[in-house]
Amino acid sequence: MKPRTPSANERPAEPEYQGKQNDISRRTFLDRFMVVGSLGLLAAVLYPVYRFLVPPKSVEANVSQVKLPFGRKEIDADPHKAKTFRFGKQLGIILLAPTGELRAFSAACTHLDCIVQYRLDMGLLWCACHNGRYDLTGKNIAGPPPRPLEKFVVNEEGADIFVSKGNV
Amino acid sequence: MRVPVKIILCLFIWAIMPAVARPDAGTNQCISCHQEIESEDGPAHVFVRDIHFQKGLGCQDCHGGNPALDDMEAVRTSTGYRGVPDRLAIPEFCARCHGDAGFMHEHNPSLPVDQLSKYKTSVHGMRLLQHKDRKVATCVSCHTSHRIADARMPYSTTYPTNLPSTCGACHSNQSYMAEYGIPTDQEAKYRESVHGKALLVKKDNSAPVCNDCHGNHGAAPPGASSLSAVCGMCHAVEAHLYDLSPHKVAFQQQGLPMCETCHSNHDIEKPSDSLIGLGANQLCANCHNPDDQNSAPRQIDSVRVYLARITAAADSAVRQVREAGVKGMMITDEEFTLKEIDQNRIQIRSSIHAFSADSLVPYVKDGMTKSMTVKTEAAALINEYYFRRWGLGISSIIITLLALALFLKIRSIGK
Amino acid sequence: MKVASSGSPKKQLGNRVYDWIDGRFNIRGLTTYMSHKVVPVHGHSAFYYFGGLTLFFFLMQVATGILLLMYYRPGADSAYESVRFIISDVSFGWLVRALHSWSANLMILMAFLHMFTVYFTQAYRKPREMTWLTGAGLLGLVLIFGFSGYLLPWNELSFFATRVGTGMVRSIPILGDYLMVVLRGGEEVTGATIGRFFGLHVAIMPALFSMLLAVHLLFVQRQGMSEPLSWQAKETQSKRFMNFFPNFIYRDLLLWLVALNVLALLAVLFPDGVGVVHWPLGDKADPFSPPPEVIRPEWYFMFAFQTLKLIPGRVLFMEGELFGVLVLSAGGIIWALVPFLDRASQHGRLSRLWVGFGVVVVTFIIVMTILGYVIK
């Protein structure tokens, strides 16, 4: 068998050709790096978008009307026949009046901001801090409170209770 | 048309003649004369703003005499002239009208008519009527004689914010009060007290002032046993708990006034948790000793520990939430819970008045739970703050590397 | 064995895609035309990128705006709450909102820089008068974008600023009151105003802006980049150019990446803005509460606001405010018509007058803006 001798165009790379090869490989590396980098950027952008589009647990944002997390049954079952609830930045109190009507007020006493309670034995709203008293329309009738309690509007739809601000 | 004009002119002159012909009609000579001879703040000048004058009463209704006469001698000798009433006779003098229900009904039905009978029970009244003491307060000492105003008017001497000065006019005057042997520092103490600051600085008119505890017409220091009724009018929870506590009987036996024994009377300060304990400057040590054989030392110590624990928990919760807020996170929910924790601490401090360590336990547990919850939430917010910065850092690195690669690419392809 | 002689498999795929499209839409002529596009290279070449950066920020606005639309609810009862919801409850909601606020301000800043660099290189001259006019229109639309968007969170800040801003149209004679009522959706700023501004901000303005932008970009692509007058006069051999594809595009992309990084930094480190460019959510708008001590328009309106404040109550025979509005409007109209007024530029010559006018305008705007913040 004849030994194979390398032909002209199979000659091993010459230095000048070698440089060009390096150039090409560097360029390819750069291109690959850019592709990877772009994919990384895309991921860094799309991940927050992906998370953003999934709504959080509390889907609604509304605070000028609030749907209470409990119904009339729960209020009736409560020994004090009243429950507090959150209304935006305020605390509210909803009570079951002797007439069977549901009434809701701001729970912050107008004197020094303590939280009022519904006293069944007194038939009125009472503030423990300085013995302030409000009747069941929210009017301040005894003690230090200078103003009535803010009254909220209560709407019942089926088993749900909706509380909203009075007209502003 | 000159005749109609003449007729009109005559009619006009005839109409105004009464006013012109009788210059004295309608003018109160007492006032007009006395205004000329008195200074700007004399009785005749200030009286026009007095409520009696505004109701249609004149000088003559109290001093008697004929207001139409402009001659002093004539006035003095006219029928019914009474002049200035003697100091000792003033209460009866005012009560002539103010104690007559039928009479007052025509002028102001809502005013009480029992001032004189109450006054007779007061220290002022008893000294005046029984000891003929001319120095004590009479009606005019507090209400003034000629510039009496409705007590609901801010310029009235009996308006709540003016009362400390009104009472203090005598009671803070050391030389005046020297012979009575009672302190003269009440007004000064009151002004520095929590109630005084509430009334005079914060303008809270519901804050108690002299007459709320002492009464006004029946002014007397509240008795040792009646203090609870007085303080308990506002501080109902504390008074109620106290009444059920062992302290009530113990204090009664020792003749110690409740509330005042620990909180003082005029210089009531905002109580501090550090007052509870058996240490040197602490209140409980006034009666209790560490080696007492009853349960008191243990309970006192428990209460002290509970207070310290809840304070530490609440304070660290507040700090944590504040840190999250300063870092720009939204802390409205957490601030809400902090308000609940504040309310809880008020409940704990009220419960101290039951003087039973066990009664505090449910409140302390509730407060600790809330503090823990809000601290966890705040910590999560702070973590989120750092997470955002980490995310920024990583994204920034990716972008920078990509930019660098692009820059090199630009260089490599040349211009 | 077949050896791929034309390059990597990726390039092959690219060619196959190109051939597929070309076979259907005959784009070869267009792509050949565009591959020959060149951009002049000179000392002020940096200015060429400002338009693209404005576009970048606009695209950011569109993207973040669409995301915000998922949760924002217009209306006096829900606007504020929905924004608060986005910031506090929605995952990365704080980020989307911060990006939207920052990008808005940066877009407007970039638009002004773009406009002024175009002005001072006389790029508005023939044949690019229409590009300048469409640009003026775009600037107007961008300012309306900013003004309408500002109200949407329905907080104290935006409520009172909108009240003052819309109140100013009253000074226009005859139509003033009508315009104000149409703008506000009523006599006062209410939930109805939110409705109108929302429609403006997410529907009307995007449609108008996109159309005008397409025209503007079409003109730029057709005519290429403007050459500065001094450069134009040079000999052809000494002029250097770079290819639009890929050299200019790569550089443009690089700047976009840098802008993205800056935007991300600002959005995370200063989500509520910083210094005078501040937009904390604060409290919900309450028409019955007293206005805050300092009501300020946004920084890009400040110079106009301050100018109006400095004009006396009555000038000549008319109300000061009307006079101010007329003067500012006249200034704007002159500015928009500069390509036609600057005769010298039409003939390829520099006009000292118009350069001076530009310097006066820029100085005026800067001084008035600073005064607006310094004077209480």
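As written, the chains take the letters A, B and C, and residue 1 is the first residue of each chain.
Note that in this section contacts are C-beta pairs under 8 Å (C-beta built on N, C-alpha and C of every residue); 3 or more make two chains touch, one makes a residue touch a chain.
The structure presented is a predicted model; accordingly, all values stated were derived computationally and were not measured.
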Most extensive contact between chains (C-beta pair count): A-B
Which chain's mean C-alpha position is nearest the mean C-alpha position of the whole protein set? A
Could you pull out the chain whose C-alpha mean position is farthest off from that of chain B? C
With chain centres defined as C-alpha means, what is the inter-centre distance between chain A and chain B in Å? 42
Whole-Å gap between the CA centroids of chain A and chain C: 33
Quick one: report the Å distance separating chain B from chain C, using the average Cα coordinate of each chain. 60
Listing for chain A: what residues touch at least two other chains? none
Indicate the residues of chain B shared as contacts by at least two other chains. 332, 395, 399, 402, 406, 409
Sequence positions of chain C contacting 2 or more other chains: 84, 95
In the complex, the residues of chain C that touch chain A are 8, 67, 70-71, 73, 77-78, 81-82, 84-85, 89-93, 95-96, 288
Please output the residues of chain A touching chain B within their complex, sorted ascending. 26-27, 30-31, 33-34, 37-38, 40-41, 44, 86, 89, 91, 111, 114-115, 128-131, 143-146
Applying the document's contact rule, which stretches of chain A touch chain C when the two form their complex? 28, 48-49, 51-56, 58, 61-65, 88, 168
Interface residues, chain B side, partner chain C - complex: 328, 330, 332, 388-389, 391-392, 395-396, 399-400, 402-403, 406-407, 409-410, 413, 415
Enumerate the contact residues on chain C facing chain B in the complex. 41, 84, 87-88, 94-95, 240, 242, 246-247, 250-251, 253-254, 257-258, 260-261, 264-265, 268-269, 271-272
